[in-house]
Structures are given as C-alpha cells and as structure tokens.
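Chain IDs A, B, C and D follow the sequence of writing; residue 1 opens each chain.
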Amino acid sequence: MNIVVWNEYRHEKKDLEVAEIYPNGIHGTIAAFLQEDYENVKTATLDEPEHGLTDEVLANTDVLIWWGHLAHDEVSDEVVEKVKHRVLEGMGLIVLHSAHFSKIFKTLMGTGCDLKWREAGDKERLWVVDPTHPITEGIGQYIELEQEEMYGEHFDIPAPDELIFIGWFSGGEVFRSGATFKRGKGKIFYFQPGHETHPTYHHKDIQQVIKNGVRWAASINTPTPTYGNHKALEQI
Amino acid sequence: MNIVVWNEYRHEKKDLEVAEIYPNGIHGTIAAFLQEDYENVKTATLDEPEHGLTDEVLANTDVLIWWGHLAHDEVSDEVVEKVKHRVLEGMGLIVLHSAHFSKIFKTLMGTGCDLKWREAGDKERLWVVDPTHPITEGIGQYIELEQEEMYGEHFDIPAPDELIFIGWFSGGEVFRSGATFKRGKGKIFYFQPGHETHPTYHHKDIQQVIKNGVRWAASINTPTPTYGNHKALEQI
Amino acid sequence: MNIVVWNEYRHEKKDLEVAEIYPNGIHGTIAAFLQEDYENVKTATLDEPEHGLTDEVLANTDVLIWWGHLAHDEVSDEVVEKVKHRVLEGMGLIVLHSAHFSKIFKTLMGTGCDLKWREAGDKERLWVVDPTHPITEGIGQYIELEQEEMYGEHFDIPAPDELIFIGWFSGGEVFRSGATFKRGKGKIFYFQPGHETHPTYHHKDIQQVIKNGVRWAASINTPTPTYGNHKALEQI
Amino acid sequence: MNIVVWNEYRHEKKDLEVAEIYPNGIHGTIAAFLQEDYENVKTATLDEPEHGLTDEVLANTDVLIWWGHLAHDEVSDEVVEKVKHRVLEGMGLIVLHSAHFSKIFKTLMGTGCDLKWREAGDKERLWVVDPTHPITEGIGQYIELEQEEMYGEHFDIPAPDELIFIGWFSGGEVFRSGATFKRGKGKIFYFQPGHETHPTYHHKDIQQVIKNGVRWAASINTPTPTYGNHKALEQI
C-alpha cells in the first residue's frame, strides 16, 4: 500500500510555536507514525512542483492524507481535479482538521463545508458513537484532548455515510468530528482534530485513528463500473 | 409557494417526434399539471437571458425543477453557481431524467453522475422501496411505463439519504430511479423517468410523484446556521 | 389527525416534586400544548384497562407519543405487539426521554437501547445538525435547557435514518438527542429531553419540536405493500 | 477467526432434489468453500442439542452464518436471545436467503421482514450498486444466476446502512439483495440468493461474496461501551 501525506507546510515555516511542535512539518510527524505500521509512506507539499502530486505519484497512491489551512486557494484547480479523479477511481482520502475548507473536500462534498470555530484552547472530548467501525480499533470510549481549536455545528456537509465520532467542547459546542463518505469507488474519512498550535498529532489515540483510517480507506479490488451506451442483456 | 420549471427546450424545437408529444415543451407540460395543485408555477428556459434564472427569479423560487440533455455545457457556470447557492440556502431542487448530467446536479453530488443508457424502448417498472415517504402518496406499489430509455447501474452518485424507487428494465438492468439528497438547507429529489421521445410526463403517476416531490422539497422555516468565529457559550 | 399521548403516570402520583411541575401529569401538559395546534388530542395511561390502548383507540390513532420510566415491565407484551403492528402499518410514534428503554422502542430498534445517565442537573444544549428537517421549523440553532438529566453516548441504537439534534452536557458528554427511524410504513422520532423533575415540557422550543414531530410522523396515504406469493408480471 | 455455518438442515433430508445438489447439506457446501480461505470453520444444525449453539460455541464464534426456511419456529427463543446478545457484543452475522424470516433476523431488524416470492425459476441478475464495498472484491459488475427463487419488493426491512446489490428478476421484480446493518457492536450482512432447489452456493461469485462478507463482519477490537450511571467528567 502506498500512502502520501500532503501538507500545505506554511505554518511550520513562519510560526515558531508551530515549528517547535512539528519540527519536520505536520506531514513529517504524520508520516513518521504511519511508518510504524506501513512500509511505503511518502510526503508531498504545496510548494513542490505540481504540489508534489504528479500524475505518476497520484497513479501509485492508495491513500492520500490532506492537511491545509492558510493556502487552500493556492492549490491549483488542475491538481484538485486530478485528485478528485483518483478518489472516484478508488484512492482513499483522509481529510484532516482545517482541510474541511480545502478545494478537494468541498468539491467532493458538494456543500459549503463551513462551521463555527474558536482558537481558545477548549478542551475536547471525542466520543465514539459507532463501536462497530474499524476506525475505532484499539482506542477507548473517547479520546480527550487538553486543548484543541473548537469546531462547532452546524457543519455544512452532506449527512455522512457513517458518523463515528462526536466532539464535545468545553465552551459549549458539539461537532461531527469523525465521519465517512463514499464517492465513486473512493472512500473518504474526515477527522477534525489537528490545530497547528497544539500537539494533537503526537497523541497516541489520534495516531491510532489515522492509522486505522488509512487501512479502512485503502483502495481494493472491487468492480470497476462501465458507463455509457449498453446493449440489452435480455430480449426487450 | 413559488415553483419554476426549467427546461433546456431544444429537442422540442428541432425534433418533430418530441414536438408532437410536448407541443408546449416539456416545461409546458410539467407546469400545466403542477398548476392543478399549485398557484404560482412559472417556466424558464436555456435561451432566455440568464437562462430565465435572474437573481430576482431565484430569490423568489421555493422549488426549482430541472430538465436538460443536449446542452448541459451551454448553461453558464455563473448561473449554476447561483442555483447552487440558493439550494444551499434552502430552495428545493427536482432533477429529472437526463439532468443527472447537468452541471448543477454534478456539483451538488461531488461525483461523476454517470450511468448506463440505451434508447431501445425498454419497458420500465418503478418499484416503491420506501412506503413511508410522502413522495409516494397516492400511487400504488409500482409505476409501469410501456417505453422508457434504459438507465442502468452503476449510477455514480453518493449513497442517497433516502432511496424511494428502484427501476426494473426489460433489457435486464436496474436503477436507483428515485432518490433524495440534502445539501445545506436544501432538499434534492432525483427522478429518472422522462425521455423526450416517450410521453412519460403525461403519465398520471409520474405527475403525482413530481407534485409530491415539490411539496416535500419546498423550503421551510428551519434554522439558518451561522458560521465563522464563535464566542464560547460556557467558561472554558 | 388523531393524536394519543401515552404516559406511565406514576412519578406524578407519588413524587411531590414531579406533581408540582406536572399537576395534570406529563401527558396532560403535552396534550395541552398539542391542542394549540391539533384538534383531536387524547391521552392514555398505564393503569387504564389495556393501558388505554384498546384496538379501537389504536386503529384510530395517527400519531402516538410515549413517555415511560419506572414501569416499562408492567406494559403488557400484548399491547406492545399491537402498537408495533400499528407502527408498521403507518402510525407515527414519538418516543420521549426515558422511553428509550420502553418495550416498544427496543423491539422496533432491535438493539439494547442502553446509554449513560446522571441525575445531577447538567445544563444541556441541543444543537441542530440537520437544518433541512421539518422537525426543526421555528426554532433557532440550538435549544438550551438549564437543567436536564444527562444521557450520554454510546446510545445503543441502530444508526438513525436522520440525525437532527446532538446534545451537549456540561458534565462532558454528548448524545444523539433527536433522531428518526423508519419501520414498515411507520415513522419514529426519538427525542431525548424530558426528565420528570425538570420543567422541560413547559419549554416553548421543546413544545415546538414535539409539535413538528407529530406533523412529520403522521400517517399518510402511501402505498400499502402486498407480500407473499406473487405471479410473474412478465413472461419468464 | 472462528466461523460457524448454521443450517436448519431439513430440506436436504427429505427432498431428493435438494439432497442431490447439497449431499452434505447446504452448511456442508458453505463450510467447504469457506475452508479454502479460513482455518476454523465449523457447522451447527437445528436438530443438534441447543441447535449446536451452546454458550461455549457462541462465545468463541466471530462470524455466524444462518440458513433456515421450513422450521424457523422450531428455533428456541432462548437460543435466539443468546445469538442476539452475541451479535450486540460484536459477533458478525451473515443471513442467507429464506433466513429473512428467521427469528434472529426479525428481532434484530424490528420489522416484519416480509417480501414477495415465487418459485418459478426466474433468471436473476445481481447488480453491484456500491463499488467501494469490500464485500464486492473480486467479482464483476453483476452476478448472473440462471435460476433463482424470485424475492421482490417491498422488502420490509429498515433502510440498510449500506445497499450493495440490487437483484433484477426476469418476471419483472427487483430486490435489495445485498444489504448491511449494524446492531450494537455487531455487523450483519443479508444476502438474498440461495434457494435450496438451485445450485446457487456452488456458484463461484456467490461463494466469493460470502467469503468477503465473513471478512467484513468479523468481530474486531473496537471499544466496548459502558452503560448506566456515569460520573461527570467535568465540574457541572
């Protein structure tokens, strides 16, 4: 399985507080813990040519992880279109935190993907509401984060195919924090935690959920539909 | 309630067979039967300025019905964006037949919306699979169409919020022929029958389903979410 | 439309605190506000013959509202079976608060319907997560209850057909507080607020939601499926 | 992974036509092909003590496969209750064909589970409508069965969590032929083909789907919720 961790990689370069938490970039931290479970983990970032997502890279990617925040608009529409094409072909996609507003997530959802937010160090507690789901393997009934950016409802997404986590915030809000969607042959997992000024991706349970998400979303050998003009299979 | 029936209105002008079935256009036929139940029904077509969908028209529309086929590409991106905005604000949308490939449906679904098709006069039988749904009021267990264009699975849409009809075709295929989706504050109903060379929109049950769909999709006084920065409701 | 409000009616008789909040019983309060919108509202209670739910009453009920807590086991299996039969035939059912553990709700869900709870006067805030839904007409983005019994996840129900409200509790929990389910031709709405020692059913927004729920759940003239041996509609 | 294939095992003993197709019983055929992929596959049948489903057997079963038809009523309520308990605890359940009317399926669904049927040798074609789903690995766009008992809509089940296959029958009906449900910590897959007088379970694609279903439904190490009185996690 080939995994690519994509990161905008801007906060880490210009904000010392973020650089201290993620000295190798958010992508570096995520790639490092994924390498504990998976062999082929690469990274790609916004400022590389074609954002590091060439046709060849995309063609060979089974699961793509996406983190972005400041520079959604700088992601080229052409690359977004290619990523969408690959998701519909079966590539898994893990959308993290502020990537709720990424072009790729919005175009796959068909909605505004807006939400309420607050950078105030709320405590968050993510409750498991679907204990059948493989994305919850190896964790407990909830995950507690001492500090996280608040994301609050209404979250303007289609009703998820599966709702896995609901987040509780100390300031009084709730959020559909872990949710899955299917598009074409592809599987998508949105996971809310991960503000750049908190050490969220160093948390063992958050890492476990992302590892599980990768396994769940990976492309598999399911049927590839044909489309267009179709001869009758029976006499009409 | 203000209803607008939008039609591409091209087949009827250039194809005698279609003109005979729909002398006032497909939109004319649909508007006429809707007027049996509703007071304010208007039409709009592609070749009108702004496709007949000015800001004022859209702002005052509670349910928009959409039929298109040959000229999806001629619909301006700007108008599509405005229609999408209104759907997310709460305007109902009924998407008919070949409008599965319209820009507005594809952008709201986030998928390719492709399917198998065949113009061969298959018999179709639409079975009700959700007998709780108000869209099925006043019809029987199935609707039978002596001839209809075949649309076959896989239909490349997200899993519908509600699956209401499954179509059986004599040539051996099936189709998710009636399905609902929610996007933002808006409700969407896709309904597959309606090939231009068959008198589908003259069929009483098909008319009933579209009348029901309008009632179901109409915008209502539900909460309008606020988004963006949000002050804590509790002490953090 | 005929509405029946069913209540166990035990707390109010033996607990002075509850009797002061609901001098005519919880059913009396609910019936009174429903009568503001609906003409035919009756009540029925556990200690009446057949719990007030005779064949004739049930046959003429379009929506049944259910509140129970202490005495779920005293509800006869025969009456539960009759109520279930009517729900599958199309009668709407509104299940309130502690009725999550009622026989009728458990048999319709197929699960244990268990949850976490705490009687400690938590503040609750119910957030609307489906702003398309008619059950949310006329309310704001959330409903705030100064004090309510805490109900917390995991709530052991099937994934709802629609999730409308998520509850936030000051003690740190969340709950799927408003959810809909379809069974047979019947529609079911579970709504969590309503602990007997708090004046929840005197709250205007809670009343509005229950009024809306009644309208949404009411039986309508949808197709009645036939079952069993079925002759071929086509030559095999 | 421990798999148990449960069969009523009556048709095969008294009907020569069935015995010729399944000389070791339907359970024997299913167990045999599962053993190609899985190590620990056992069988159990109705006429064994406790129907072969002792507490010990159930406690050690990860996936249970269920085929029944003539003798649903002879399955003891006590065993059904134990099986249900294990499903809610996380045991996977594969429900085949006429087991739509088994006590265990009906109690987990909460509905009547009725349908239309006809033993007339219809051709069936099962179309994949969810090409993301691991249950469809290794098969094509559809599975064709030269002869199968017709099962037709309306199928009185809750709306499935996932709809994977839709069946087309030559006599003019359709059916939701492959569908998944979650209950408690357990995953359930209903799969319609398998009438006893046809060699359905000898068909390679049908075998592949059941093998896939087992892998998908198998219990995994997800969180076990606690229920009941719960102390506040935050100061109220």
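Quick note on the criterion: a contact is a pair of C-beta atoms (placed from the backbone, for glycine too) under 8 Å apart; a residue touches a chain by one contact, two chains touch by 3 or more.
Quick caveat: nothing in here was measured; it's all calculated off a predicted structure.
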Most distant chain from chain B, judged by the mean position of its C-alpha atoms: D
Report which of B-C and C-D is connected by more C-beta pairs in contact. C-D
Let me have the rounded angstrom distance from the C-alpha centre of chain A over to the C-alpha centre of chain C, please. 37
Taking each chain's centre as the mean of its CA atoms, chain C sits from chain D at a distance in Å of 32
Multi-chain contacts in chain C, i.e. residues touching at least two other chains, fall at 123, 125, 128, 130-131, 141, 152-154, 159, 161-162, 170, 172-173, 182, 184, 225-226, 233-234
Taking chains as nodes and touches as edges, what kind of graph is this: line, ring, star, complete or other? complete
Chain A contact footprint on chain D (complex, rising order): 90, 123, 125, 128, 130-134, 136-141, 161-162, 170, 182, 184-187, 220-226, 233-234
Taking the complex as given, what residues does chain B use to touch chain D? 125, 127-131, 141, 152-155, 159, 162-163, 166-169, 172-174, 176
Show which residues of chain A lie in contact with chain B when the two form their complex. 88, 107-112, 114-118, 120-123, 150, 152-154, 156, 158-159, 161, 170-173, 181-184, 225-234, 236
